[in-house]
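The following block contains the structure, expressed as structure tokens.
Chains: A, B, C and D, in written order; residue numbering restarts at 1 for each.
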Amino acid sequence: MTTLTKTEDAPAPTGPESFLSVRDLKVQFSTEDGIVKAVDGLSFDVERGKTLGIVGESGSGKSVTNLTILGLHNPRSSTVDGEIVLDGKELVTATERELEQLRGNKMAMIFQDPLTALSPFYTVGRQLSEPYMKHRGASKKEARDRAIQMLEKVGIPQPKVRFDDYPHQFSGGMRQRAMIAMALMCDPDLLIADEPTTALDVTVQAQILDLLKDLQQEFGSAIIFITHDLGVISHMADDLLVMYAGRAVERGSVREVLHDPRHPYTWGLLSSMPRLDSDIDQQLTPIPGSPPSLLNPPSGCPFHPRCAFRDEVPGTLCTDVRPPLGEGRSTACHLTPEQKQTIFIDKIQPRLR
Amino acid sequence: MLQFILRRTVGALVTLFLIGAATFFLFVAAPSDYASLACGKDCSPQRLEDIRQALGLNLPIAQQFWDFMSGIFMGRDFPTGHCSAPCLGQSFYSGDMVWNTIMDRFPTTLTLTAGGAVVFLVVGVGAGMISAYKRGSMLDKFATGTSMVLSSFQIYFLGPIVLWIFVYSTGWMDNPQYTPITQDPWGWFTGMLLPTLVMASIFTAQYTRMARSSMIEQLAEEHVRTARAKGMSRKYVFYRYAWRGALIPIVTVLGIDLSSMLGGAVVTELTFSLQGIGRLAVDGAIHKDLPMTMGVMLFGAFFILIFNILTDIAYAWIDPRVRLS
Amino acid sequence: MKSFSSRRAQAIVVAIAAGSLALTGCSENKGTNTGDNAKKDQQQASVQSKAVTYADAAGSTGPAPEIAGAQSGGTITVYQEAGLSHLDPGQTYVSDAGQVANLLFRRLTQFQEDDKGNVSVVGDLATDSGKMSDGGKTWTFTLKDGIKDAKGNAITSADVRHTVERQYAKFIFDGPTYLQTWLSGAQYRKALPGGGFDGKHLPKSVLDTPDDKTVVFHFDQPRTDLPQTLAMAGYAIVPAKDDTKAKYDTAPVATGPYKIASYKLGKSLVLTKNSNWDPKTDSVRHQYVDGFNFDFGVTESTQTKRLIADRGNDKNAIQLTGGVEATQIQDVIKNPAVSKRTVKGYQPYVMQLTFNMDRVKDLKVRQAITYAVNSKSLIAGEGGVYGGDVAPNYFAPTLPGYEPKYDPYGRLKTPQGNIAKAQELLKGVPAAEKKVVFAYPNSENGQKRKVAIEDALSKVGFNVVSKEVDSASFYEQIGKLNNPYDMYITGWGQDWPSPSTVVTPIYDGDQVADGAPNYAHVKDAKVDALIKKALNQKPEDAAKTWKEAEHYLLEKVVPGAPLWYTKQFQLSGSNVGGTRYGSVSSLLDINHLYLKKS
Amino acid sequence: MTSPAKAEGSGPTVALEPDLEPKTEPVQAEKKLEGRSPGQLMWQRFKRDRTGVICAWIVILYFVVALAAPLLTKISGTDPYTLYGQDPTYQDKPVLDDFGLPLGYFGGLSGSHWFGVEPQYGRDVFAMLVYGMRTSLYMALGVTVLMMGTGIVLGLIGGYFGGRTDYWIGRVTDFFLAFPQQLFFIAFMPVVTAFFVDPREETPTYFRAVAMLIVLWVLGWMGMARLIRSTVLTLREREFVEAAKVSGASPGRIVRKEILPNVVTPILVQFTYQLPSTILTIAFLSFAGVGFVEPTPDWGKLFANGAKYTEQDPAFIFFPGIALVIFVLAFNLLGDSVRDAFDPKSGR
């Protein structure tokens, strides 16, 4: 196993207590082939009214993180440690009852695959009114009005009629809108959107993103937006977190990360994304290799097997020592800031133009 | 929905007619008929002819079959009197109207079926769900374990033991027998308790295991997790969402079991000396009593067909995606 | 991927539960000896086979002798597995309906049994057992006074004539046919198609009713057994006024001490006292108990368990025709309290391995089989010592003329089969003749007997081919003249205690016809001559002729290998008094019961 | 395109599914990662489940014992056909008392009769049980496989295609479900025997076995068909099936590749329930006169006959009973293990 440098202690929370702070989150699943370290020491913060984008290839632990925040993992088959504080309330050690009070009420989640996320057995209206009736103690009538109002807000035509329809009578886009309406029934303070638009075509995608934006203004809720689509994130998020192999490798505001990326993985991501304005024969350079197995992650910096610049770092630092991630704008890479600067300007930026 | 029910009822009637025909001709193909059996020891051809004549067995088969089937709707007259609308003919052996005999025996079978169903649904499916809910706990292991052992027992083994323990050696309970619920509800309950429990025990095992495995399957579904994400409690999600999906296989098997039980549970009736429909079928076959056999068979087939239609309707009710084609 | 620990724990939990299945049953079974019981049966048999005497008027006038210590009151529960097929006396031939008929219906004559087992024929409705004239071709009966049916109207000679004539009608087909064939020949129905309902009656030369009180029968040949025939349930009185033809089968009018209160076919039958029955006119029946509750559908196994347990109402319970279940005989015998509540005795049936003489022509083959067959294993299948006894010859212990010691094939000495003697007989017999086709009813019992027969005969060198036959129609299939089988197990019992009802039907040459009981197809001039001679003799010297016929058949013709005599073994509740074994009905004597504490 | 929980990356599915059972021993050795087909994956999971493996061995042992019946009875020196209690040649060593019940302890247990003797005829229980297992196990296996096969095929076709085919298959199923089975047994056998077998020859046992196979098969598949149809009805609506249709897969391929793997659970649950109950149905057929005739040993019949002697001679039911209980247990546990190993999603 790699010799870990002193695992960096959780950086002390700076500034006023942020709305949601995740400190050194570790999530492990045991499967018959061994222990899968899905999330391996992740820390980040989300402020109220702000949107945090989480980007990374599939298998980087994005969805697992957010399911852990909601506490939806089966205690028998998963071990979670570290600290998640939502608006002052610690979640990892919270009891099931407390979590049930929060889910759907203070924090809500929109799932990726609208087709299987809604229950085929109940009408959309009923599935929408359930959380409202539970958390707000509303009557059936009030819940129905609320639901119809939300359906209208998310742009579903004739909401009164569609209230009594079943999910299989909705199209893909409509179903995703219903999912969003369901999540927003109780004006949650924290909204986690797990690739909400992946299954949708571009036009509907834009509508959904604007909708989330408007709702954020209206309710001032914090949004965690998970995607592997950098285009969407650039439009949506305020801050950005790039995840790789269960860890954050780069953190910063959207502008900083997209325009001044400092981690080789982020470079790779940006350069493997087609741009509208780039000319046609511009070569796209995908990142070689495939995401690492979380069963026994590579030693040192998990990205080193695929990193084109590891020989720029003296000695065997990259393959032995895992680079820490600092606070605020930072990247987890052994390259010196100057090296990062020069490589980005010489090699990466021309490709992005 | 109505159009579906209409089409299926027509299908059921046709099937009923076909089964009636199949049974009738099967019966005739059997090695001997009632007359030769009843002719007794010193049976002269003359006597054989008299019996056949008296019972109308000398008519052509098609005619006999037509008389029988038309009798069901229009009623028939016999030397001993008229037999009103749902007339299933007159039993050769006992000379009684088959419909009256069946109606006289049906409450016993109904009690066994209804009582048994309540027990194996509540205990069987209940245990299956609980062991799915508390998977891996001692309760789960105990429930699955006992259900497996029970499923290997058979009525004619379990019955005598239960009788020996509760009735013969200790006398805690008196002999199981059927007293109409209208006359003496308590007597009805105690009289039929043992047979119902023993009969249900065989089904309980199957329902426990089926409920458990289909519940586990449903709990792994995506929409169950969404419901949890909405803040619904584990119990609520269990009973509202996972349960609906798990119902389908259970309803299917329930449909088949109930209809076959209503057709008579011969082994239970013989073990506990109860007079149910099952024994009527056996006696009918032994005595070569054609009307009785036809009557009991059609009576059983009726339930099977009705329950099949009900099961299909239940599918559509449980899972709206299933269109009633 | 159920984790190893929880799955293993579950398997252990279950194994313990299964282990508990090991019931106790560890006590050693040294085998109780039943030697002495067998000897007692032999003595009791000799009592049963004494000749039947015809009583005069004194023996026929009531009331019946009181039973010592009898009380009145209470209701007896009667268990029976199968429902009654008929209640109309005209349709009654089998023993279960016969027992019920003893309670419900009276007839011209009746059997009387005293405690020492002597059987005599007494007058029931008739003043005596009948006056015979011109050599037995004419019989005259005069009716007693004050005989009424349950509805209160008197019974006259016209009712007796109606009872006989209705047997000719179409709706009566299941009852005995002796009287009718004797009066009007084999095709008797043609003599009176209307059955007396259409005003036409039998001619005076056949059946004459000179006045209200006398009835005269005229036959073409002597019928010395008539009083015993008229004592059959099949010829019980059906008053003309009450006769509802086919409907009578489920609602007959009683003439005996009890009448029908309610009848649920195949389920229950309740009998209550018949106030119009006058004890002074009946020298046989009693009316101690208030009534009988028949409970049909109770299997023989359940009957035995309930009667052994003797709880609650089962204290007043008896078995109608069911006996102690074979597997539970040992429980009854071992427990003295239960054992003393039983009655046992021989049934009239002799089980024999009948040969189809058209196919098995070689006498030596038939004799070899008679030596080789293993009666002991067959009896084991019937429940051991209390199920049956080894049968050395064709006459049942209940038949006058029974000879316990007559054993030409040494069956009593070697019940398991004399292999050496059989092989000796088979020397020189070609292999083709050693192949025998054995037909057996396809029931649990039938299959058991097949194993015993196959096992015994294959030891001696026979190639036994066993063919199963549908059990419901077994007798009908082997009754066919051209049946493809070589041998089959059949049983035949007397209708009344006289060899004429045994030898004639089974061995009479001109009785060989489709469906006739002469399953062996015996056509032997000597046998036919002996039968004719015996039928015309008085019972005492007829007995010697019957014996001669039997010896000739067993030694020279061997139509069948005698196997075993069936025995009846019944149990009754502790509160039932006056229980004794009726040698005529070969069941518990149902007219001789009372309840100790009502 | 299998079910939505797509395996991400080459490694085992990253646990999006919350219900995976914790594994006790962590993996020590550095394992070379190599791709494994679903079959290998299943076999790996099954091998690790020790109880499942033990039960597999027990079931195989039963089948081996059944096959080696003649060998075993040579060792015990007995055979299932001789009537030890009645046979004159065994006169010197009585095994039964006058009532036909076994002498000695626990049902006549002795050196020569390992499992005691049968009441009334005194046949050796050990030999009868071993031979009986041979007839019953292989018959039941054959019948159950046929029944399951027909049931699954018709269930799949009916459930998947729906419309007219489903209607007609439904009616055929109803017809056979409502068919008077008992009457059919009693009428069927004599007619067939008369047709095929010469009246003066004994009906060979293989003929009875084939006749029974057909009877049980024709009258047994409906339950499975309806169960599969109901499961397929819901599966048919699922999106991944429509996706497969869109991708141009032929109906046969969709049924085989998409639907069949998802109906494994009801199939296995029903299979582990059906085999033991078929063993006892064969015993019932023998009583009804269609099945095997007396001298042919039959496990179910041994168990059923024993039930009559529960009070007088419990030992007679003990050995066949225990053997059946153990078999049913092992078979059910095996079914559960195979089902778990096979179905990735719903791990216990």
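Here is the rule we go by: a contact is a pair of C-beta atoms (placed from the backbone, for glycine too) under 8 Å apart; a residue touches a chain by one contact, two chains touch by 3 or more.
No experiment lies behind these values; they were computed from the predicted model shown.
Touching chain C and chain D together: B. Ranking B-C and A-D by contacting C-beta pairs places B-C first. One simple way to say how far apart two chains are is to compare their mean CA positions; for chain B and chain C this gives 38 Å. Note: centroid distance chain A to chain D, computed from Cα atoms, is 50 Å. Annotation: 24 Å between the Cα-based centres of chain B and chain D. Between the Cα centres of chain A and chain B there is a gap of 56 Å. Counting only residues that touch two or more partner chains, chain D has 4, 18-23, 45, 48, 186, 190, 237, 308, 310-311, 321, 325, 329, 333, 336, 348.
Among the residues of chain B, those in touch with two or more other chains are 30-31, 136, 144, 148-149, 164, 222, 225, 245, 319, 321. Shown for chain C are the residues that touch two or more other chains, namely 1, 3, 6, 10-11, 14, 18, 470.
The list of touching chain pairs reads A-B, A-D, B-C, B-D, C-D. By the touch rule above, chain D contacts chain C in their complex via residues 20-24, 45, 48-52, 54-55, 81-83, 85-88, 91, 94, 96-107, 119-121, 186, 190, 199-203, 287, 289, 293-295, 308-315, 318, 321-322, 325-326, 329, 333, 336-337, 340-341, 347-348. Residue ranges of chain C in contact with chain D, taken from their complex: 1-8, 10-11, 14-15, 18, 21-34, 301, 326-331, 333, 374, 376-377, 380-381, 383-386, 416-417, 419, 437, 442-444, 447-448, 450-452, 454-455, 465-468, 470-471, 484.
Residues 70, 72, 76, 96, 100-105, 108-109, 111, 113, 116-122, 127, 130-131, 134-135, 166, 168, 179, 182 of chain A are the ones touching chain B in the complex.
Contact residues on chain D toward chain A in their complex (touch as defined above): 4, 8-16, 18-23, 26-27, 30-31, 33, 44-45, 48, 237, 239. Those residues of chain B that touch chain D in the shared complex are 7, 11-12, 14-16, 18-19, 22-23, 26-27, 29-31, 135-136, 144, 148-149, 151-154, 156-157, 160-161, 164, 206, 209-210, 213-214, 216-217, 219-220, 222, 225, 245, 248-249, 251-253, 255-256, 259, 266, 281-282, 285, 293, 297, 300-301, 304-305, 308, 311-312, 315, 319, 321-322, 325.
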